[in-house]
């Protein structure tokens, strides 16, 4: 079974084919990576999965449900989380509040009229939400920054906050767009640990990454695209040795090392 | 039939007035990312300086008077840029917009205190009419159309082909990066403001024949001009002209169909309708 | 700890507001206070949409106008009780909120500002020109006052306390909403709207709620205004007034109840206190506000906070 | 060439740089490495006059540039390719590149040949030349930022995390480009990198920063073999 | 301010007005000046407060030189009402709290309507210049007086003149959409209905810069007479476009045309031969008017134009002073009662004779425009 299935996805921007008839599937209980040269259409693919862009053609099936063309918020409610290539957080809120925004659709569902009139009920919901946030913070080992405003935090921490916020949406699968970009080797190690930790808690991962340490170390499967089309697919070992991938993406250095 | 034609012609003429205002909004927006809600008052100030100081007080001729007024207002633009826009450049947009509103109030009060409360006009300035069969167009409108076209042409040339013009767009788009390119952000903003004030001044002078010089002479015009810019898609010069024409003609026709005081209402409702269908204006690109 | 201090602050403010007209009982001042209170309600509402959600709303005067006219016309033409009119007014606020909120999730920035301006101008001109229905430029006169337990709220002091009750009620509602998931969602939209959708939140929905809150608050304020002043006239509800409301929350400090209160107090009372300057008072007022914006872009409250931190 | 002497810098009340000194000689590649938040970008911003240090001095060719405005510093020939791209999103790729040459007066010919030169380095940009920079992919924007920096024929160029978001093959090429311009144009380079291994291998000298303080500096080859550096920055 | 005065002693029930009464009575004993409030549009738009204030100050100076009123000096307290309702309310309250004996102004009916109930409650007589017919007649207010001829009179007279003199069959009524313009139109319409003349009423907003469609509609309807009822600002535009588009027919207007600054913006050909009804004409040969003009220009400069704003409110001060003198006290109720009995007090805009509605002026002047001068034709009672 696969959690996510992409079928013949195509995206055209005025005169430019960013993604071209792309199909692949993310198996259940797996970490799947999508790699490819700059501008090959990776972010565009994620945007189509997530409902930010409407695909020109093709279908996206998540958990057996056709989510093509659904708005982002609905897709996210179905259990598909994501992080962004350039971090998108709520800078004036604290870390915990960021998490609480992430979880409010899932832990506090009352509408505004009920909220206004049912005061004890509202308090109960707020408490449940706050507890859920505390749990995720503990899970991510971030309790010490909980009450800091996001604005002033270091870059690596922001990535963690974004990931934690995504965890609040009770995701089945998380799409990660270059999570390791801008992290140094030791931070990268921490990230890998956390990603594994998340994976073990039952969430599948789909990531885009240019950092081969991360990709090769954690992926079960890798799909490679170039100019919007798939050029290779397989386990890390195969990909590392695929001459086309080396030529288009990894470069000679990889060949030497491999 | 002739009535319909006459309405169309007047609508187009008025449309160019709106377009010119829309262009000025657009200029400041494109080059500073700022909405100048005070410009209504700058337009008025231009008219007062021209009529009150240059013509009535100093007795200059029409053309030297225009030059004097434009230079004076542009200089004021530099002062405003240095004292308000530049310090506010990194602030929240809302702050900057409200600052322009307050600037407008200040100009308004200053004009009242200096020139007194009475309306004035410049006799014989661009007056007369132009007849085409039974159609009548005030000469002033012809001048306005010409001025609008010349300004659009020059501005386009300036923005597209000169270094300073291009730098303006950079400053609007990303001030840090602009500074890193070696652009002097402050002087660039000052130049932009001066140009925009100068255009306001020309505008104010151009509408003297169609509305007398008084405190609220530009109120509706500037609101409609803003609307024209938005209808045509904000930031685009041809868009502003298109928007102005559509608005001018639409409200004139509405004035014939509905009781005429409702023509503004119709114009505004029409505007909301356009934005509902095309949220970024008629010439706007989808993001 | 700090939360309890904050609560004490509110209690103190309410106590001060209750005592105020006993100390300063001159009609001139009490009238001014009443108007200020009405403005505070509007500022509370606008705070949701402009202060927290970051959407530029320049149509508040239109909302205020519709609220005032609805209540005034209902009570003068059909002689129903102002209380029932108030319920209708809330309904009207609801409708405007949804009506204005709908474009707001498709429109951004200048396009939204213009839509709100166009709305307000259309409302004002309709009120001014539909002479048969609204009384046109001559306005609506002899609007009956509210009655509470059979007592008519007529004198200015009675009005003061009556409106104050509404301010407290709306302040309480605002406080609760601001410190709830809704408040967080509003701010989240301002900070980064794309990320809000990925949290499973329908941003359109949240924006509409913010708009609806603003317009319900604004309409209720309009209703109170009509019955308090007993005469309304379309020339009050100009674009200038809309701008004034934005200036209020900007001067006070956006996204903060204290900011709203402070802003409303300053903007509505400052010109009156400057009257001694004669001809120059409007000029002075504008310059002062401009200086405020230039030197305290975060609002007066931000300076207060900074001072507190220093200590 | 460039000399930063004992600067202290802060954002508001947050003190970020403590007594930092670095030097860049003629034709040298100097790398700066350090954890996130160490203050590397802050150092760059202070050199560029985007922020001004509280104390200390910054000299270019022996002349203090401490109090100069950013645009004057650029005219002195220092170019900074900032982190996080900072392209002009509403301008086309080509206009972005043209703005890179803003501080110089080139003949049309000179300009053309420069443009061709950077297009040769990043042919991808040539394909995208009319596209608005804001709609480029992350890596393409990074290329624009680097190419834009090269357009002004600087006397000193500073890169802040240039490899961020670039594909491995492009990263390798980019380091080659840096070495090449350094050799061919005799252009000194400051390179701030998270990719410490690559940075150390192409640079002559290196500074290591931690929490706003320079904790180690010296010859890159030597540092590369120091056990602490290996442990902290090279992942091994 | 008045706030501190009663902070201590007074109890809660009489807080409303006690402060002011105490103060005025205290003042009476000490022989302090009598304060007269002036509500002028000094900011906002349309502006005309300056002339009004000048006129009032001049009258007060003259009265003071001649010994004042009740042996006391008069003193003006000028407040801006900014031409918006809320500011007008605040200004009124401020004047009342400062213990004025009477209020002169405001000039606009809509503001008068907004504050009418306040002065009634505070029992301070108010002499307004707003001419909207609804206003004074419909307000059941003993403290409200009007010192200009009502539109009931003015607009009806204008309409009647068109009909009687020119025998028009269809009249174009071009009017502003504010209360003033609409009020005038309603009166005229009623008159035309009563005499069976058709009319075509077209309104425009004060901010409008283009009235093409209105004028074209009138031309389309073949109107053979024109009546314009609007504030000064509209005239240059309306007159210009009428002449451009060729709406030429006997035309009569409200007093705004007679204001110098309004005429100064016109080309002679636009308004040649137009009639206007007005309260005040500088070309009036009446000696008092000429004396006033001379005195005014001596005071404020020869190039200052003299218009009905200066004249009407100048006279209003005399009417108020007369009332106070006859009342023999500064008590609001007494003064109002005395004002109600005003008889034959001379004024520049006609003699003041108060009727039961509070209307004090019952005559208007008819003038005709010749080469941008309004020439005196007749007085209509």
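Residue numbering begins at 1 within each chain, and the chains themselves are lettered A, B, C, D and E in the order written.
Simple rule for what comes next: contacts are C-beta pairs under 8 Å (C-beta built on N, C-alpha and C of every residue); 3 or more make two chains touch, one makes a residue touch a chain.
Since we're looking at a predicted model, the values are computed, not measured.
Novice: Which contact partners do subunit B and subunit C have in common?
Specialist: Neighbours common to subunit B and subunit C are E.
Novice: Looking at C-alpha means, what's the farthest chain from subunit A?
Specialist: Following the centroid criterion, the farthest chain would be E.
Novice: For subunit A and subunit D, let me know how many angstrom lie between their CA-based centres, rounded off.
Specialist: The answer is 30 Å.
Novice: Where the CA atoms of subunit C average out and where those of subunit D average out, how many Å apart are those spots?
Specialist: Chain centres of subunit C and subunit D, defined by C-alpha means, are spaced 50 Å apart.
Novice: Using mean C-alpha positions as chain centres, tell me how far subunit D is from subunit E in Å, no decimals.
Specialist: That gives a centre separation of 73 Å.
Novice: Taking each chain's centre as the mean of its CA atoms, how far is subunit A from subunit B in angstrom?
Specialist: Here subunit A and subunit B have centroids separated by 47 Å.
Novice: Identify all positions of subunit B at which a residue touches two or more other chains, and write them in rising order.
Specialist: Touching at least two other chains: 109, 259, 261, 264.
Novice: If I count partner chains per residue in subunit C, which residues reach a count of at least 2?
Specialist: 125, 129, 279, 282
Novice: Two-or-more-chain contact residues of subunit E, please, as numbers and ranges.
Specialist: 43, 177, 203, 205
Novice: Please list each pair of chains that are touching.
Specialist: All touching pairs, sorted by chain label, are A-C, A-D, B-C, B-D, B-E, C-E.
Novice: Okay, in this complex, where on subunit B does subunit D touch?
Specialist: Within the complex, subunit B contacts subunit D at residues 163, 166-167, 169-170, 172-174, 176-185.
Novice: Which stretch or stretches of subunit E touch subunit C in the complex?
Specialist: Counting only subunit E, the residues touching subunit C are 1-3, 6-7, 10, 12, 15-17, 19, 42-43, 78-80, 82-87, 89-90, 93-94, 96-97, 109-110, 113-114, 116-117, 122, 132, 134, 177-183, 203, 205.
Novice: Applying the document's contact rule, which stretches of subunit D touch subunit B when the two form their complex?
Specialist: 48, 50, 69-71, 74-75, 79-80, 82, 86-91, 95, 98-100, 102-103, 148, 152
Novice: Which bits of subunit C are touching subunit B when the two form their complex?
Specialist: Subunit C residues touching subunit B: 50, 56, 103, 106-108, 110-111, 113-115, 117-119, 121-122, 125-126, 129, 239, 243, 246-247, 250, 254, 279-280, 282-283, 285-287, 289-290, 293-294, 297.
Novice: Under the touch definition given earlier, write down the residues of subunit E that touch subunit B in their complex.
Specialist: 43, 45-51, 177, 202-214, 216-217, 219-220, 232-233, 236-237, 240, 244-246, 261-262, 264-265, 267, 305
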